[in-house]
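Same chain, two partners: subunit A is paired with subunit B first, then with subunit C.
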Partner chain A sequence: MTVKELCEKTGFAAVCLPEPEREVSGCYCGDLLSWVMGRASSGQAWITIMSNINIVAVATLCDTAVIILSENVALEENVISTAEQRGVNIVSAPVPTFEAAKAIAGLV
Partner chain B sequence: MSESLRFHFNVDGSNFTTAGQASVQVKKNLRELGIPADVIRRVSIAMYEGEINMVIHAHGGEADVVVYEDRIEIILNDHGPGIPNIELAMKEGYSTAPDNIRSLGFGAGMGLPNMKRYTDKMDIETELGKGTKITMCVNF
Partner chain C sequence: MSRYYYDLHIHSCLSPCADNDMTPANIAGTATLAGIQIMALTDHNAVKNCPAFFKACKRYGVIPVAGMELTTAEDIHVVCLFEELEKALEFGEEVDSRRIRIPNRVDIFGDQLIMDDEENVIGTDEFMLPNATEITVDEAPDVVKKYGGICYPAHIDRQANGIIAVLGTFPEYPKFTCAELHDKEKITPHLEKYPILKDKQIVISSDAHYLWDIRDADAYFDLDDEPYSSALVRKRLFEKLRGE
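== the complex of A and B ==
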């Protein structure tokens, strides 16, 4: 399933989708960036409540398919523009991490 | 025999939000060189952890990445306070990072352990009050 299709099926809002056709192959949930970096795999959707600029670097280095911000966490404009430049997809979910993971569990 | 290729970066210690730029650039450079994806991932993650450590603890420093025919070497140099107890610093979960860093999702005590986990060889030279030099190697 692509990131774009994931948005359509879950109703999660696109924050920035520079690579909408990217395939999503699984999911990882976590907020400690070093922990995530050690464990998230390439192509996974990463669900987090972290919103600082470093999430873009972590997603780039881990090569995750999309960052899903749970609980409607808001991003500063510079985070969004950096993500756009680096080809990092970000979507926003209005529900807690557990619910967001449940929503995509049967899809990826 | 071919020459090794070297990338050099200054890691800005004053701006936490720009930390990681060197690692992202290295990832891009290695991709262009056709280095295997798994090797790129290991190098860039290990280097990012090192960069973050330099920003948190040492007011920045310098990073060098050298590409050889069969391996990639990452050399991180700083003039920070040094590591008083390497054995303790290598333990997962041990951290001396301040609260403001933890609130950003770092300082979980995973930095050095991740660097070791993702590389084939890691060497730490440190002197209190002088600085730290970390040399890591990823084979391919």
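== the complex of A and C ==
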């Protein structure tokens, strides 16, 4: 399933999708970036509530397919523009992390 | 130029996790015994024991600094220090308006006591103080600056609420002129691992929650204090922290 298809199937809103055809192979949930850095892996959808710009750096480092911001967490404009430049997909989910993970559990 | 031993991160009995013996008067007295000349009171998201701390420090001949350990929206601890007590109190009001109000469970978390300088409890804060505020780490320096203060990440060498643990590294932005470490032994490894720290003033402080956590004088700044006044020392301290 691609990130674009993930948005269509879950109804999660695209915040920025510079690479919509990126394949999603699994899921990782976590907010403490030092922890996520060592554990999220390439191709995963990473669900977090962390909105700091460093999420873009961590997503790049781990090569995750998409960042899913749960609970409609809002992002500063500079986070979105940096993500666009670095080719990092971000989508927004209106539900808590557990519900967001459940929504994609059957899809990946 | 004179040498000033400092501790710029101390909790009083207003922080629920700190011992009730951490009264403003006891802290000031212990600073004197420890040989510390400049001490900042930095309770979690609160400044209400600073007035008593200032009075007690005056009696003991310690130069007080009004401060707060702010918890940002990302759960990062940031030390905020102010040149003037009044401004610190105003900052406290802004933080109060941006706290997430959860009633404090004294039986679980501990008392949050507001004291005068003569060991009397004059009030309590009913809402849990240390939890995250709505102020993000990105906006914290600007908010603090409005009140003439300076802020920098606390105990970056610790996992719990340290900026490196939360954000994965020491960020380039917002620009901090200082970084606080709890252990001076960790300065060298941190400078090697995070080169961004090399142009920052490293501050070593105890983060004391108990009287016995207050260390004997060790960390110091050399400050130009002629003609001497405590106001001038405080001014020079802030210049040092701002990298001026």
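Heads up, the rule we're going with is that the second predicted complex is superposed on the first by the 108 of 108 C-alpha atoms of A that agree within 3 Å, B and C clash if a C-alpha of one lies under 4 Å from a C-alpha of the other, contacts with A are read in each partner's own complex, and residues count from 1 in each chain.
Operating definition for what follows: a contact is a pair of C-beta atoms (placed from the backbone, for glycine too) under 8 Å apart; a residue touches a chain by one contact, two chains touch by 3 or more.
For clarity, every value in this text was computed on a predicted model and none was experimentally measured.
Novice: Identify whether subunit B and subunit C fit side by side or clash on subunit A in the overlaid structures.
Specialist: Subunit B/subunit C on subunit A - steric clash.
Novice: Does the superposition put A:L33 against subunit B (first), subunit C (second), both, or neither?
Specialist: In the superposition, A:L33 contacts both subunit B and subunit C.
Novice: Tell me which partner A:K102 touches in the superposition: subunit B (first), subunit C (second), both or neither.
Specialist: Neither subunit B nor subunit C is touched by A:K102.
Novice: For A:R86, select first, second, both or neither according to whether it touches subunit B, subunit C, the two together, or no partner.
Specialist: Touch partner of A:R86: subunit B, not subunit C.
Novice: Once the two complexes are aligned on chain A, which partner has more residues of subunit A within touching range, subunit B or subunit C?
Specialist: Comparing subunit B with subunit C, the partner touching more subunit A residues is B.
Novice: For A:A57, select first, second, both or neither according to whether it touches subunit B, subunit C, the two together, or no partner.
Specialist: Touch status of A:A57: both partners.
Novice: Looking at A:K9 after the superposition, I want to know if it touches subunit B, subunit C, both of them or none. Which is it: first, second, both, neither?
Specialist: So A:K9 meets neither subunit B nor subunit C here.
Novice: Would you mind checking which of 74-82, 92-100, 128-136 or 236-244 on subunit C runs into subunit B after superposing?
Specialist: Among 74-82, 92-100, 128-136 or 236-244, the clash with subunit B belongs to 74-82.
Novice: Of all the subunit A residues, which ones make contact with subunit B and with subunit C?
Specialist: Touching subunit B in the first complex and subunit C in the second, residues 32-34, 37, 50, 52-54, 57-58 of subunit A appear in both lists.
Novice: Could you please specify the touching residues of subunit A with respect to subunit C in the complex?
Specialist: Counting only subunit A, the residues touching subunit C are 32-34, 36-37, 50-54, 57-58, 76.
Novice: Contact residues on subunit A for subunit B in the complex?
Specialist: Listed in rising order, the residues of subunit A that touch subunit B are 31-35, 37-38, 42, 50, 52-55, 57-58, 60-63, 86.
Novice: Which stretch or stretches of subunit B touch subunit A in the complex?
Specialist: 16-21, 23-24, 27, 37, 41, 44-45, 48-49, 52, 104-106, 108, 110-111, 114, 117-118
Novice: Spell out the part of subunit C that touches subunit A in their complex, as residue ranges.
Specialist: It is residues 73-74, 136-138, 164-169, 171, 173 of subunit C that touch subunit A.
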